[in-house]
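Notes to accompany the following structure.
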Amino acid sequence: MSANIYHNRKAQWLAYIGLFCLLALVPALFDSPFLLNQLARYAVFAMLAVSVSLVWGYGGILSLGQGIAFGLAAYGMGMTMQMQFQDPVSDPVPSFMLTNDLSTLPLLWEPFWSTPIGLALTIAVPTIFFIGFGAMMFQARVAGVFVAIMTLAMLAAWYAMAYDMQPFTSGFNGISPPMPFEFAGVSIDPYSPTAYLICVGFLAALTLSAKLLMQSKFGLIVQAIRDDPERVRFLGYNVAYYQVIVFAISGFIAACGGLCWVMVVQYVSPTSLELTLSVSAVIWAAVGGRLSLLGAILGAYLVNGLQSYMGDELQDVWMIVLGSIFIGVVLFLPRGLVGLIEDALGYFTGKSETETSGVAIERAV
Amino acid sequence: MLRLVDVTSYYGKTPILHGINIDLKKGECLCVIGRNGVGKTTLMQTVMGLTTRIDGKISIDGEEMTQRSTAERAIAGLGYVPQGRRIFGKFTVRENILLGTFARQGIKAQIPEICLELFPYLRENLDKKAAFLSGGQLQQLAIARALATDPKILLLDEPTEGIQPNIVEDIYHTLVRLNKNIGITLVLTEQHIKIAKSLSDKFIIMDTGRLVHSGTSEELTDDVVNTYLSI
Amino acid sequence: MTITRRSLIKRSSALALALSTPAIFRPSSARAQPWISKNGTIKLGVLFSQSGPLAVVENDSTQVVLFAIDEINANGGVAGMQVEPVVIDAKSDVKVYSEKISQLILSDRVISTIGGYTSASRRAVAPFVMARDHLFYYPTCYEGRECTQNVICTGPLANQHSQDLIPFMVQNFGKRVYFVGSNYIWPKESNKVARVWLEKVGGEVLGEDYVPIGGSEFAPIFNKIRQANPDFIFSTLIGDSDVAMHKQFLSEGFKADKMPIASLTTGEIEVRAMGAEAGAGHFLSAPYFQALDTPTNNRFVEKYLGSKYGGGGVTHYNMEETYLAVYFWKAGLEKALAQTGDIEAITPRMIRDASGGVTIGDEISPEGKVWIDPDNFNMWLRPKIGQCQGDGQFKIIKVADQHVGPNPFEIYPDRGVCKADGLHTPAGAIQKGVL
Amino acid sequence: MSVTDFWTPFELNSFLNALFIGLSIASIWLIAAVGLTIIYGTMGVINMAHGELIMLGAYTTYVLQTFFYIPFLLCLPLVFIIVSIFGLFIERTIIRRLYNRPLDTLLATWGLSLILIQGVRVIFGTAPKYVSIPSWLNFQVSLGFLHLPGFRLFIILATAALIFATWYIAYRTTWGIRVRAVMADPDMASSFGIDSNRIYSITFAYGAGLAGVAGALFGGLKTLLPDMGSGYIVEAFLVVVVGGTQLLGSIFSSIILGELASIFSYFTNDTFARFVLFTLIVIFLRFRPQGLITEGMKRR
């Protein structure tokens, strides 16, 4: 059983490190600000896909609400960047508020004067929300489809909120901070290698930590819960506790994605909280392979890359192609594209692929 | 009538039954004996086509059944009284029996007289919700429902389990009548050795998914029982 | 720069690998290239949605830009060079707008971009447009109260819309008004401006309701309207909601002659979508109508609808404003060229600076003479009021006596005045890039 | 400001009218959700493409009206049949392979919805289409201060008729017995010769047909755009889940949700009403994930 190199932990770590090294080398190889910015966006999408892979592939919780964490963080970052632009004395209130009949800065916005506090809130608020929301769901033993529906309803509620609270969020139009993000006195141009490397750095750090975590005892229990929550419960584990933690970690990752997103696009609007984005993240993870963090990353890069670079003739039918790919993956490749890689590696290096693939689902990579 | 040749049956990828051979003639009554969890119910479900995969051959009246769906088997003449009855509680008695008629050839949606004749209680309570019936009444309903399919072979999984003794007797007589008078082939699993012995023509004993002993009911001696069924 | 880098090195060894290579310290070589090269063509970005919900309107915008470019190229191009449109489908997704604007600026190196229909798309591209000192033409009505140095708007501002419409409606139908709009900034701003005009003529707002963009359930709102019984409804609904409201207006039993809808949005294309029956009798304030009977417009309508781009079957104000944007761009570019003399030296910013005061006369502009305000770079135009007829076309009831100037901060005088170099606040400071 | 600016003062007649309108909204939610209830309740299939089936219904009506000059009333049964056939096709090609994998049906049907939206866009273009409703429906019902447009009344009646038909089929025909048997215990049902695959196919087709009729009716209220269906899917799902995936439950939940939506938007505005409503639903599901009505339904 040992032989398929796909299941070899050393080989896996090599593959992860190799991928991130490759990504980190991009600025050295291509001198194109546009490409860097675009790839930085893909890295952000990859973070979202990783968060989906973690919560769904490993935790067995299909959340359609990853956009909540992403969107809340995006607003936090947007507010931080907007306040970096405002001047406390001469121009303390963002322009869109003045035209929404707010003459003083709302209390909600006050903490964002300070960049460190703003950043901390950007990450902490979504994570804490996910802890609370997760605790509410999982302690009630909500599972499966009902988690999907509840996260969907929660997402729709947040969307309506961001949309409606126009004086605080600028509503549908969104907030576009006029200046790039500034940290420790350095302005981070969204097109610069710095911005790109920050995104890739976040992606690498989050993915590798998540992988480490999933190989730990905690991760094994999480995966056991995915396969059979009742059995784990009978063994005396607090299933809800593990589910809440893995849900919160996925929220944390998505929040980091939201933070990086606004750094590279300098814009935040309720579209971050749209259902489409959250479901797209699920699609990326599923196409690449939700049982593997690496697969999710590949899925995000691949789908978005195809979308951007497909010829104009195909743009018309792109959604049809995407939909078909997705249906095909669900029907025939439940392990996604990395499932194919696994089978191929198994074919060359290991035993018969049918045997290994059966095991692979239980022993996700 | 019912023939199983080297049947192995699976739940998921795990084999539950191993190499079962049965040959039953028309009008015979076969009793499947064994301790709990040895595969008696699985055998019934295998014959009915309710397991994931079956290797080997199953035929009814010479007709190949192995690859047929459950519904097709029911139409071909298999009636099924499952363990625990599995009556549709939200349905009325009438609707429950009507369900059986869907497997009939020819006239449907009409309750065959035999079902009500055997169980007068059901005739009087046709519009009662099945959920309100007692255990024995439910068993009667389950048998009536299976009879409505006009079966050639009736599979009964623990027909006397959890039923008060006086009704057990009723059911025993009903089964005798179905088998001896009407000529329906019976396969039943039974814990009561006494009932098994007096009702059936043949028996098989199962253990951990395998057929370990078989014979005519006369051969079902205390020795055999002690050898295979003692704890 | 170094501080960030150092701290990053600590974080990840993978990053250190990349940082050790010198390439990233190279200055971007692209900057030295001219925007327009002498032996090439002039590239113009066209960034509208050809798919998704916004395509309803924006598809026509793409078509009319291509039509105008064809027209310009057939007449000798700009400064003797041919114009090459770089058309990108923004898929009705602000993420795509924000991604593709950088592609247009950095990869395709278009000298300017025309695009957008919603304020959200304008705001999504604005940071990049400003950071790269690009020039973006936003060819439709908007709320104003922005003062950037890189956006030229060729549609009417909120103040230009209602200054004639509100008095006209009050005079003809009565003083009691109900406001209905889509739930975002432009309708809210437009309503604020409309209130100002309403107060001047002694009108009264009975209620104000907003539905989500795309929302189509108007029963609760019509319930309130029935209760308030206004003399007319002032609508700033966009897209689907606008169409749904007009259809339900009919089925709720309201009559256009008793309680007409005065709209800033319901043009020919919307009427086509709702059916002329639902549109008939209501009013629209816009600078342009298909029915405008001038030689230039008749020629424009006939030529456009006859061309391969005219599949939509109607012309409307949004389309005409987009058409003007192309000609404003041409005029601005030519003026900038006249000032510098060297086409390779032209930058997007030069075109913008040269555009102040640029005029397009009757002979080209279907709506009549228009020009760009040299201070805030929005358009001087003559708003018109039309009433929709049974055939889906508008009858022009009133044309403003004279051109009305754009005033992005009209109802926020204490914010300051928008000038070419930024927002001049009352305190004397100059704010740049006010969004 | 959206909350405070126009907090509509309470006024009895108007408020009663709002309650009345709530019923009208409820009928729309219900008719959008009824097909979904049947499909989900019977088969455990989460059909994310349900909104697109509604959209197909609307476009089919448009085609029938515009190119075949078929009167509106006659369109309704035709749309039902056409969309049912399409539903049958979907069931045979995609859904059938995913029984017992409810989360996967959710994903696959999401993919399907992308295909349908873009497919319709490619065929019909981006310009909006509209369905014209017969002029005899342009009347208004006034009962004192209560007021209802004729077309709304028509939708309420059509919804009631479809619900009744569905109830009749389920509880008064042998076909209904089969469907309910498969719902309750597929294995036992097949032991009585009921081909559950066939039942699933036809149930799915029936649910799809109902969605088609809903689309035909909605066409009279709003514009036809390829993505019009996505606006209904969230509400429809909430109706189904809050109701407990049963016909009766869906009726109750759509009435409750429709009334709440109407009352909230009476006092505040539509967007804020959605926020409050969705949050309430999340909290409700936390305490009653099984929904309003749960009588013996077997969950998958």
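Per-chain residue numbering starts at 1, and chain names A, B, C and D are given in the order in which the chains are listed.
Here, a contact is a pair of C-beta atoms (placed from the backbone, for glycine too) under 8 Å apart; a residue touches a chain by one contact, two chains touch by 3 or more.
All values reported here derive from a predicted model rather than from experimental measurement.
Novice: Which chain's mean C-alpha position is the greatest distance from subunit C's?
Specialist: B
Novice: Can you give the whole-Å distance between the Cα centres of subunit B and subunit C?
Specialist: Each chain reduced to its C-alpha mean, subunit B and subunit C end up 77 Å apart.
Novice: Using mean CA coordinates as chain centres, what's the gap between subunit A and subunit B in Å?
Specialist: Chain centres of subunit A and subunit B, defined by C-alpha means, are spaced 55 Å apart.
Novice: For subunit A and subunit C, let me know how many angstrom lie between their CA-based centres, rounded off.
Specialist: The separation of the two C-alpha centroids amounts to 34 Å.
Novice: Centroid from C-alpha atoms only, then distance subunit B to subunit D, rounded to Å. What do you get?
Specialist: Each chain reduced to its C-alpha mean, subunit B and subunit D end up 43 Å apart.
Novice: Can you list the residues of subunit C that touch 2 or more other chains?
Specialist: 50-51, 183, 212
Novice: Can you tell me which residues of subunit A touch two or more of the remaining chains?
Specialist: 100, 160, 163-164, 166, 316, 319 - these are the residues of subunit A that touch more than one other chain.
Novice: Give the residues of subunit B that touch two or more other chains, as numbers and ranges in rising order.
Specialist: In subunit B, nothing touches at least two other chains.
Novice: On the basis of the stated criterion, which chains touch which? Give every pair.
Specialist: Touch list across chains, by label: A-C, A-D, B-D, C-D.
Novice: Mind listing the subunit D positions that touch subunit B in their complex?
Specialist: Result: residues 174, 177-178, 180-181, 184-185, 187-196, 295-296 of subunit D touch subunit B.
Novice: For subunit A, which residues are in contact with subunit C within the complex?
Specialist: Within the complex, subunit A contacts subunit C at residues 17, 20-21, 23-29, 31-35, 37-38, 41, 90-91, 95-96, 98-100, 160, 163-164, 166, 170-174, 176-180, 183-186, 188-191, 193-194, 197-198, 200-201, 204-205, 265-267, 269, 271, 308, 315-316, 319.
Novice: Where on subunit D does subunit C make contact in their complex?
Specialist: Per the stated touch rule, the residues are 2, 5-6, 8, 11, 13-14, 17-18, 21, 24-25, 28, 118, 121, 126-130, 132-133, 137-140, 147, 149-152, 220-223, 225, 227-228, 231, 262, 265-266, 269-271, 274.
Novice: Give every residue of subunit D touching subunit A within the complex, in rising order.
Specialist: Subunit D reaches subunit A through residues 1-2, 46, 94, 97-98, 102-104, 106-108, 110-115, 117-119, 122, 230, 234, 237-238, 241, 269, 271-272, 274-275, 278-279, 281-282, 285-287, 289.
Novice: Applying the document's contact rule, which stretches of subunit C touch subunit A when the two form their complex?
Specialist: Listed in rising order, the residues of subunit C that touch subunit A are 1, 3-5, 7-8, 11-12, 14-15, 17-19, 21, 23-24, 26, 28-30, 50-51, 89, 93-95, 98-99, 102-103, 105-107, 118-120, 123-124, 126-128, 130-131, 143, 145-146, 183-185, 188-189, 212-213, 412, 415, 425, 427, 429, 431, 433-435.
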